[in-house]
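Everything on this sheet refers to the single structure shown next.
The letters A, B, C and D name the chains in turn, as written, and every chain counts its residues from 1.
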Amino acid sequence: MSGNTLGKLFTVTTFGESHGLALGAIVDGCPPGLELTEDDLQRDLDRRKPGTSQHTTQRREADQVKILSGVFEGRTTGTPIGLLIENTDQRSKDYGKIKDQFRPAHADYTYQQKYGVRDYRGGGRSSARETAMRVAAGAIAKKYLREVHGVEIRGYLSQLGPIKAERIEWDIVEQNPFFCPDPDKVAEMEDYMQALRKEGNSIGARINVVASQVPVGLGEPVFDRLDADIAHAMMSINAVKGVEIGAGFDSVTQKGTEHRDEMTPSGFLSNQAGGILGGISTGQDLLVSMALKPTSSLRLPGQGIDVHGESCEVITTGRHDPCVGIRATPIAEAMLAIVLMDHLLRHRGQNAGVESLTPVLPG
Amino acid sequence: MSGNTLGKLFTVTTFGESHGLALGAIVDGCPPGLELTEDDLQRDLDRRKPGTSQHTTQRREADQVKILSGVFEGRTTGTPIGLLIENTDQRSKDYGKIKDQFRPAHADYTYQQKYGVRDYRGGGRSSARETAMRVAAGAIAKKYLREVHGVEIRGYLSQLGPIKAERIEWDIVEQNPFFCPDPDKVAEMEDYMQALRKEGNSIGARINVVASQVPVGLGEPVFDRLDADIAHAMMSINAVKGVEIGAGFDSVTQKGTEHRDEMTPSGFLSNQAGGILGGISTGQDLLVSMALKPTSSLRLPGQGIDVHGESCEVITTGRHDPCVGIRATPIAEAMLAIVLMDHLLRHRGQNAGVESLTPVLPG
Amino acid sequence: MSGNTLGKLFTVTTFGESHGLALGAIVDGCPPGLELTEDDLQRDLDRRKPGTSQHTTQRREADQVKILSGVFEGRTTGTPIGLLIENTDQRSKDYGKIKDQFRPAHADYTYQQKYGVRDYRGGGRSSARETAMRVAAGAIAKKYLREVHGVEIRGYLSQLGPIKAERIEWDIVEQNPFFCPDPDKVAEMEDYMQALRKEGNSIGARINVVASQVPVGLGEPVFDRLDADIAHAMMSINAVKGVEIGAGFDSVTQKGTEHRDEMTPSGFLSNQAGGILGGISTGQDLLVSMALKPTSSLRLPGQGIDVHGESCEVITTGRHDPCVGIRATPIAEAMLAIVLMDHLLRHRGQNAGVESLTPVLPG
Amino acid sequence: MSGNTLGKLFTVTTFGESHGLALGAIVDGCPPGLELTEDDLQRDLDRRKPGTSQHTTQRREADQVKILSGVFEGRTTGTPIGLLIENTDQRSKDYGKIKDQFRPAHADYTYQQKYGVRDYRGGGRSSARETAMRVAAGAIAKKYLREVHGVEIRGYLSQLGPIKAERIEWDIVEQNPFFCPDPDKVAEMEDYMQALRKEGNSIGARINVVASQVPVGLGEPVFDRLDADIAHAMMSINAVKGVEIGAGFDSVTQKGTEHRDEMTPSGFLSNQAGGILGGISTGQDLLVSMALKPTSSLRLPGQGIDVHGESCEVITTGRHDPCVGIRATPIAEAMLAIVLMDHLLRHRGQNAGVESLTPVLPG
């Protein structure tokens, strides 16, 4: 399949450039009978939306999603769900320099090399704006998983540059512009971002996502393991440079006695595995963490080259997120939901009627 | 597609259980005309093979691969390549306990829950023995990439538990049983493993893989990005819990000025990106790193449950790798080769005739 | 992949119900650099459009397509092409009876059984209106194939109920409302359709499609043969009940000496194969023929059942094509174009650099 | 996916050349818990096997299949099933002429053009010998469908050249070498084949396949319709040139009142649709028919060209089926089984829990 489709039984295909007419998606394979309205999607879109705080890009997009098909009388019909967001903030502006320059650490250079042509307006297809459609599609999966299986998918920013969240209060996450779960760190993050903006620089971040009440048995070894598909989905988000499941890179220095999650009749005693063994969900919480690089759209000049191969100094003005990680939490949740949804359907297809012969451990 | 196929245009489908009759694979989509013999595959299989040093499992498998189709008069024909390795070391033994127990941190529990049945002999399909076929298939991709594009794919163990390789001497890698690139650390690793074996414990590891001379332009945004597909492939290897591209998790604390790889007419000035921008290869070295957990097959007793849901003490005797990371280097190389091969073919299909309008930077 | 995507490297995914807000498609994998405007698509859409003659449904749809992405400064960029047609003729009407009845030979019953719910307005997703998006997407493939390889794809109605076209004058095809290639049969068809309309009945048809200047070598044995993929694509068109390649069902009574297409240095002496041998294109004309059933939307009453399982008399009023085959010619052309395009890209990916060792016969 | 894989959730991937070491397949996605032995596969393989009567090729192949994985203690485990048939009848012979000639109506020419190389021994990959693996894989699907849903899949030869079966006695089908269901035509077919063999010619055939007790609701509009996937599967069989569902090409001259299958509370009154409406199974018998061309391997000389582009006279000696249709019945049954199985799993995945709101009609 071509590169803009995700999933095998529950599939999401997207299109759209940053400064084109619209973004769109086709969500195929959604089971029939799910109550669904545009509001269900809008809630997560609004969480991702730029311009909601001073810490994110001031580009203003309504990100108003329309459901064009696949829903009838308030319920999904099993036919493909067409989604559309029209781009409203397409300022006509002079793209002269961007057109002729390859900005360092942007996709300008690689798109040009791959395709021999590129839509340079606002990054074109490589813009993070594309992730709006992931969020919309993911909201469908989240709703289905929640309603049918009680699965809860939640994310948070666990680290903003040097500042780590040290405890998780879920109530706090949605009450600050960073999705930070640690109430004691919000002010510190505010200050850090102020300074950063003044400096004209950007910073990386770490996002964690947790899925609870995940059915046991999801994932298809040996290649379509649940963890492998999660890693794929997360690494496909703009700016993500690393993905961990459970103990992640801490496993490198762990001994077997430390890493192995012992089991008792009342459940697992720990969750180093992050909810996946042998590529299949255990029923414990899924624990996923990812690193997002700092954006390279900086006011501070950097060395680039131009389309003639000449050296040039690149300064990016305009409206950019100094920390792309801040808005990534809803995106990461959406990706996890899409992967789980796909695996749920695949599992049901191939294993319908399997009676677990053994007691299911508490999650 | 079902879970045992990897790739879209260059595909690898595998079968086989640890203690079944044989392992096999079908490699489809390999271009015609490549010179190929069983020796080309055997070399990497021998690098992965157990029992070659005292630091890996003493199970002895010849791992002798046969090419059953797709090669005629010494060259590939474009038809599917059938590969087979017969299992020779199938000791008849009493599986009584394993049969009734779920070992902590093994796939016993999840396979049983997913399928309602499991082949408990030696881990069945969840055994790392399955990776032999990945190595065989990857060797085909490696050879094609090297012969047609000069791509070189090499890996090494960069960390064994607490011991980090501090420099990379490629010549050293193949001259010690750890694939360690730092000659000063080999003895330390030997000692560490001796002590570990005495203790009856296991340890994690970090593996790095590097691809050089990668053509610019590989990768299909937005979902089938090169980095996303690499993350998928690596995370699908048994025991892998984390994957990084380029700066990876260090990006979290990097500022934009630090992370961005500036460009000059003579090339990139750094490689924080790890050779991928916007999901597309830049032509720089691809830098991939992964974490492998310690195996959970330990002599030291741990708490598990049995098929009746009762608590039980689990002790794993028999032949097991105390550090599964040691043999993972050839596997990781193979996975990277398969992903690159698939993307090379996809790129050629969709972008044949694209004339790069811009100067290609030195890799 | 879910059911609304066609192709592997050049993919078309569609959405939309007959009386929903819009129809849409995402065309992914189109090579960059192709000049493309909405006019290129509109031409074929207008050929398929209802209401252009008295012989097709009088429902009036502008079928005005918009390109929402993937084209920049008049050329494709290699990113997904988003297409949209808004439904304009959505009369509010009383669907009371259709809502509660399963019409004979319609998809009402099967959609309800499969999904437990259905959008009964105008047939919902099962309406032939869905094929508008196939035509739009196919126009992109047709243009690429023509411009890059000189491939010409043309279709015609070869039989309308009992009336067979006996000769093919390509110039005539676009000059009558039936796509009939035989100027001597047009008047006869007019009369036949008049009588049929008066009777309140419908009739089947046969459509032929021919592709010329097809590159030799397209098709991927053994399952993704070119003929198999063509059969799939054609049979996926509403109302198609049979597909033939070359001699088709005449092969049943042919002897080998009659069927085999002999070869001479100046080319093949016949084309019973229809341009495909072993699932791979020979370079001769591709010859495809298909049967379309008569529509079941009739004024003449028929026995159906209602949602309570009770018998009911079904009479379909409203605007329907008495011969759905009449508008099928552009659809069949589009499907053939999509299949050829996909195979062209796949072939280029896997066989780039293959130098034909043998003389290519004239097509 | 590459061309040698069929299906999406239940997948069959095959390899192997006519005169290579072995044929093999990987069947992935088979639900766990199905009792399965090699005998289950062998029965259908023996029905397809050459050399069982004087009317088929006298090449003798044991076609003894081995199950290498995916079955444990007599039941499937949900992991991929590896299948292998070793080629035993590989006479060493002189291929001198075949090597340098392109036989008319064979795949020699297209394979050479596509791949630049070909395995000319016995047709290599393009040989009908490849279908043995389809039969073995199909036997798994047939068994599952029969045991879990009572689906019965049966085929027969409905026409041998000019001789049509006029009635269907299922008991007769397996009692004559032609799979002919009409006891009155067997002797006529015997005589016809004798004369044909004496003449040195070959003849086409028509095969019908019927599936009964098919669950309602299988098929994924709009592209992966059940009829479209059946057409694909059938047309992928060597020598098939046409496929019909239900009324097939008779639909061309049918009126709507004749074609539409009326419904009453006790069931459908006819089955012109062949068991599929809107691409979804109705629960009626699936009716599929296909045309097979006469083989082109004839003793009677024909014009071909050689690898130098020179004209040559081609005479095929050796062991060939004068009517390839005779052995095609088990192959067509297998293909139908694989398609139904795949759609059954897909349907269960996406529509689990759908409660039919309406009465299911008797099949």
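By definition in this document, contacts are C-beta pairs under 8 Å (C-beta built on N, C-alpha and C of every residue); 3 or more make two chains touch, one makes a residue touch a chain.
On a predicted model such as this, the values are computed, not experimentally measured, just so you know.
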- Give me the chains shared as neighbours by chain B and chain C. A, D
- Message: Centre to centre, using CA atoms, which chain is the farthest one from chain C?
- Response: B
- Tally the contacting C-beta pairs at the B-D interface and at the A-D interface, and name the larger one. B-D
- Message: For chain A versus chain B, what separation do you get between their C-alpha means, in angstrom?
- Response: 26
- Whole-angstrom distance, CA centroid of chain B to CA centroid of chain D, is 38
- Query: Where the centres are mean C-alpha positions, what is the separation of chain A from chain D, in Å?
  - Reply: 45
- Among the residues of chain B, which are close enough to touch at least two other chains? 1-5, 8-10, 14, 29, 32-33, 78-79, 114-117, 125, 221, 346-347, 350-351, 354
- Where on chain A is chain D touching in the complex? 8-10, 29-33, 78-79, 148, 221, 345-354
- Item | chain A to chain B touching residues, read off their complex | 1-6, 8, 14, 102, 104-107, 109-117, 125-126, 130, 159, 161-162, 196, 201-206, 216-225, 227-236, 238, 240-265, 269, 272-274, 276-283, 291-298, 300, 302-305, 307-311, 346-347, 350-351, 354-361
- In the complex of these two chains, what residues of chain B are touching chain D? 1-5, 7-11, 13-17, 20-24, 26, 28-29, 32-33, 66, 68-70, 72, 75, 77-82, 84, 114-119, 121, 124-125
